[in-house]
Amino acid sequence: MGTYKYHILVCGGTGCKSSQSTQIVQNLNEEIKANNLENFVKVVTTGCFGFCERGPIVKVLPDNSFYNYVKPEDATEIINEHIIKGRRVERLLFRDPVTNKPVTDSKHINFYQKQLRIVLRNCGVIDPENIEEYIARDGYLALYKCLNELTPTEVIDIIKRSGLRGRGGAGFPTGVKWEIAAASPGPEKYVVCNADEGDPGAFMDRSVLEGDPHSVLEAMAICGYAIGASHGLIYIRAEYPMAIKRLKIAIKQAEEYGLLGKNIFGTDFSFDIELRYGAGAFVCGEETALIHSMEGNRGEPTVKPPYPAVSGYKGKPTNVNNVETFANISPIIIKGPEWFASIGTEKSKGTKVFALAGKINNVGLIEVPMGITLREIIYEIGGGIKNDKKFKAIQTGGPSGGCLTEKHLDTPIEYETLVAAGSMMGSGGMIVMDEDDCMVSVAKFYLDFTVEESCGKCAPCRIGNKRLSEILDKITKGNGTMEDIELLKNLCMVIKDTALCGLGQTSPNPVQSTLENFWDEYVEHIVDKKCRANKCKDLIHYYIDPENCTGCMACARKCPVNAIAGERKQVHVINQDLCTKCGTCLETCKFNAVYII
Amino acid sequence: MAKITSLDDLRKIKKNLEEQISLREKAENPESLVQIKVGMATSGIAAGAKEIFTFLVDELEKRNIPAIVTQTGDMGYSYAEPTVEVKLPGQEPVVFGWVTKEKADEIIEKYIRNGELVEGIIPQNYKTIDDK
Amino acid sequence: MSHIKIKLHENQLQFIKDTCKEFNYEPGELINILHKLQDKFGYLPSEVQEVVANELKIPTAKVFGVVTFYSYFTMVPKGKYPINICLGTACYVRGAEKILDEFKKQLNIKVGESTPDSKFSLNCLRCVGACGLAPVVMIGEKTYGRVAPDDVKKILSEYQND
Amino acid sequence: METVNITINNIQLEVPKSTTILQAARMINIEIPTLCHMKLEDFCIENKPAGCRICMVDVKGRRNLVPSCVTECTEGMVIETSSPRIINARRTVLELILSDHPFECLICPKNGKCDLQSLAQELGVREIRYTGEQSTYRMDTSQAIIRNPDKCIMCRRCELMCNTVQTCGVLSAVNRGFMSVVAPAFEQNLDHSPCTYCGQCVAVCPTAALTEVDQTSKLIQALADPDKVVVVQTAPAVRVTLGEEFGMKPGTIVTGKMVTALKRLGFDYVFDTDFAADLTIMEEGTELLNRLTKYLNGDKSVNLPILTSCCPAWVNFFEKNFPDLIDIPSTAKSPQQMFGAIAKNYFAKQLNIPREKLVVVSVMPCVAKKYEAQREEFRVNNDPDVNISITTRELATLIKQTVQDFNSLPESDFDRPLGESTGAGAIFGTTGGVIEAAVRTAYELYTKKPLPKIEFEELRGMDWIRKATVDFDGLKLNIGIAHGLGNARKLLEEIQAGKSEFHAIEIMACPGGCIGGGGQPQHHGKSEIIRARQKAIYEEDRRLPLRKSHENPYITKLYEEYLGHPMSELSHELLHTEYFQKQPEIIIEND
């Protein structure tokens, strides 16, 4: 094997792949070949770099040049300039959104500076389709250590002492969970990895599976050793074809290398892993529903207890953890529980991966230590609000979470503080909203999601959420009354109190938190019949300002329903009866003559 | 592929790939490393920068000094070419001019290993590409 | 005398039977089997479900219950070019609804429907994970990022000549 | 037994471990309202999806309310069952359920008998604050059962009965979220499904989402038609349950009052299905002996065991699920159809009227009988042997319209000739009854000796599957009994596997037999009601002077005057039938 002087890492995450990163790899390789640089430069397709906003991303090592928005045709220039002549391709370099200066080194990009990568340690570093690269990064060393140097009880003890809590949402201590499953009697037990990431706007689990699948496989085997299970199952969304492909490759390689299968490391511990596919049901993130789904049934949750740790898959003790939780395991084993516990806060240890999206400059996947503030995330890592708009809210925890405001920006992020603020950690979605977002509509958006995803088993969730959404709809149409708010409040309370599973019990969070934090907006919609964000079509009207209108006829031509009348060089008028409030005229007018009331 | 059954097996694979992976690991953490840039614009190459570059890469590796050697464009000191910029962890970068193999050897042994200053430093406040 | 008649082509029937066999006729593998069959046929018509139920020796109603529970499964054939609009939160706050409206207008169909010539079908999906490109539209395997309402016509015209 | 100490509404008590909060509360007479929960203790059937969220209670230390029907008591648990928070939650949830339910109680078939309606009454719901879209579906009227999914509240009781108990697999929860509902595959009609019309779904449905096809209007028209002669037959299990509809204690026998009421309703003749049951025994018992004798003589063409065939849901079940076994059941028609055939041929002739002029009505504990009466093979020139089949419940509705006070009615006797019956016919109404009746006759016919004792305790009971060996004077006859189609399936699978040890098997589709039939007054989850009905059936048997079918003088007369002997040619024509394979058929379609 030649010693490559340069590595070119190309992001192979779903975001970058969908903007032609495969073609970029191909072109780079062709250029390398054409210049006889095969032994000098190596192109590696890695997992997600996280900075999806800027995709496709190409990194050139060793100098760590960070190229963004790369197109396949840029390959020639990268090889000719950067590799052959040693000059960075400046136009492709990331530019700091504030200074607008190119930044050469990804380490100096604000997006990465505050991050601490444990879960994502290998994402964007190794080739996920090559087990040896994972091993070279101390992969499977933790499994070796567990099998040869530690008893199952000691493994559980390490996980307990690390303070690791479930990253799937509720934050149950992982070590305790393992302990319960280990204590459940029975020769047949299962380790399940929940990879049914369903939050709209969350893609951290997928990124780990795509970028570092072995970290999950290794951790599942460790868990199997700790609880006494020899079968593992990964329940993954069928909508994640690339993660599935990489997992399949990883499982096959691990089996070939004897790191999965019979008598691992020559011990009497055996462990295999199978894939089970989800089919688009958010509720299957709930562990009992997930288990029913894996058994080939409708993914309806059942009442706990019995907990899966006692009676789960096929009625056998089953330990369910999510992808991110598993990805933390090997580093904890290798570096020790004290190291892990030194990161984060008193009650929430380690790091958390968030999918940062919405009206923010740097959309992407970030991993930060627990205890970081929302302000740091939004303004330092996220680079602030897009188009210099005003920050309004940040929604955390997916559809079950709540909308937090300005006043929560300095709250350190922990499981408990987020709940206290009316939201939750959830699986880690973070959507930033600005002044153009109507909070009543946002609440309705989430409720519509819950209505769509409710399994229908229990009445409060099946019907209650539908009614919540209908009342919100009424308010956004200007037909709400103040009594509706009382009805909303009561219904939120009752649904939380009575719904069967976590999905239902948390579904009113977006309504409750917006009622709490954006009360004025609700009242405006109801009393003043106004939507300050101009989002609610029934509450806004488009007018043409006669002062500014030049009679250019552009708006009239573009209006899809012919609601604009007016002769050339004459002031135009919008017929309110015909107007569908599509906003085309506003976008078309070059003279700022169209306005909204 | 023979199955991995021992720690040694794991270590063997790790060793095989060490070089490649360390390249990436170093890049992840450039602050802790010696960073060397060789001015390799056309004029630099003509003045022998390529040999210097290869020499530095090979020798640092041989002498087991963790460093990142990269090429860079014209540094703006064509009079002093070949030029080499060395940035020790936590220190300001220093640029050496008229670098020969012997000089390079001296830079490695004295400046990089022991932090002793070596003749040939261009004291000018130049601009790095980052500041353009 | 039978109460239900299932019409299938011989090779279709064989494929279903082979798939069930491949999964060892295990009812627990129902979802995996349905995935494979939908990949093959594009959708899961009642005939397919009947045969699967028959092979796995489970009630057809159960198969149907599973098919209708999961949004990934469909009993309606998709168009030649299935259009999927991402309605994840990131896309939503960046205007996905307007994009959806535009597609509905251009194609003159509702969500879940196909155009009369079966060329396009329109559906929504949850996050595809390309939030950096929001709003995102997928047509078949191809992803369109940062779509604006004005782009819709142009995107559709790419498929005009097929 | 391990116990735990708990506190409910400040009352301390000790309960066995794994007692649910609901059970514990009931022990100290604290009532917690329920809706989806249903427990048939005797049958070990429990429906507890915990989906309705009505039985919510407050457990100290838990963040949310918990469903009492599934939450088990643990040591030191402190429970509150009626705080304002709980009352508000229950009412709100009930309002939600009502908001997605058609507001047509006044004309609903379940008006006055609906669990949802009673709950609304109980919880004092006076307004529905939450209104909005209702989930609506296509209505499905089959030959026996009407599905009105708009009224489905997703309690899942029917799903449990259809799948777990009956293993028919017709009904499943389908769709998701607001549109989820219990329905057959592809939301098609039951007629296009493997439904056996056993009616157990109807028997447990708390609302009118599943009801029987109501034929009372058609019946009233027939009675009002002066050109028709209308006769009625009443099944053995009806007389022990009808009283419940009039507030009588379960297990009250109302045979005489029922006959009076039927006469007052205007039937020209009131006959008894028990008579036809006796006839069934003559045919089926003889068939059993024939097959048995041939078998013992080494005739390989004969299949054993012989299976009873008087339950129409059971017949549907094996036709649809075990097409390879259709030559095993007895070919004898069910009593309802034997009665119809005799009435339309023998009795019509006696009256000297054409069969079309005779309207045969049956009162059955069953909804499958409605379907059976419509089967093609039970018609002559499109005139069915049984014209109208109504359930016990429908009869009660009719009686309420015509009779002021059922309780004070005088008693009267069935008409002759088709109203005479024996105790053997009477016990057809319970699980184990048909085979006991058959054994009583077969024993005497086979051994030519009188029975040493008439009651076969070993064949009685409520266990799902029962086995007994009856000694026919040296010939040991192995008898199996199953009720509930899921249990029948087990015995059939044994036969398929060639492992069956039985010579004869009795099968009834419904739990408990006809006394637990889909057409009976609703038991509302109380299996003690079914037990009381069974007791009454055996009491009716003991009350009757004749207790063996072959001793019924009118049966003897029928054979002498008309049929000749059991299994005669005419018997075959009128009293026996054949079965059909009714599995889904796969048609290969080639281009």
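Per-chain numbering from 1; labels A, B, C and D assigned in written order.
Note that a residue touches a chain if its C-beta (ideal position, glycine included) is under 8 Å from a C-beta of that chain, and two chains touch if they have at least 3 such contacts.
Note that the coordinates shown come from a computational prediction; the quantities given were computed from them, not determined experimentally.
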Next on the checklist: Taking the mean of each chain's Cα atoms, which chain ends up nearest the overall Cα mean?
Outcome noted: C
Checklist entry - If you tally contacting C-beta pairs, which pair wins, A-D or A-C? => result A-C
Checklist entry - If you average the CA atoms of chain A and of chain D, how many Å lie between those two points? => result 54
Checklist outcome for this item: chain A to chain C, mean C-alpha position gap in Å, rounds to 24
Checklist entry - Taking each chain's centre as its mean C-alpha position, how far apart are chain B and chain C in Å? => result 54
Checklist entry - Roughly how far is chain B from chain D, going centre to centre by Cα mean, in whole Å? => result 89
Checklist outcome for this item: Where chain A touches two or more other chains at once, the residues are 281, 298, 452, 455
Checklist entry - Where in chain D do residues touch two or more other chains at once? => result 173, 175-176
Item to check | Contact footprint of chain D on chain C as seen in their complex | outcome: 1-10, 13, 46, 49-51, 53-54, 58-65, 68-71
Item to check | chain A - residues contacting chain D, complex | outcome: 281, 298, 300, 302-303, 305, 451-460, 462-464, 466-467, 470, 487, 490-491, 494, 496-500, 505
Checklist entry - Quick one: in the complex, what on chain C touches chain A? => result 26-32, 34-35, 62, 65-66, 69-73, 87-94, 98, 101, 105, 125-134, 136, 138, 143, 145
Checklist entry - Mind pulling up the chain D residues that touch chain C in the complex? => result 163, 168-176, 183-186, 191-194, 320, 580-591
Item to check | List of chain A residues in touch with chain C within their complex | outcome: 13-15, 18-19, 51-55, 198-203, 206-207, 238-240, 276-282, 293-299, 314, 355, 357-359, 363-364, 395, 398, 429, 431, 433, 437, 442, 445-446, 449, 452, 455, 560, 582-583
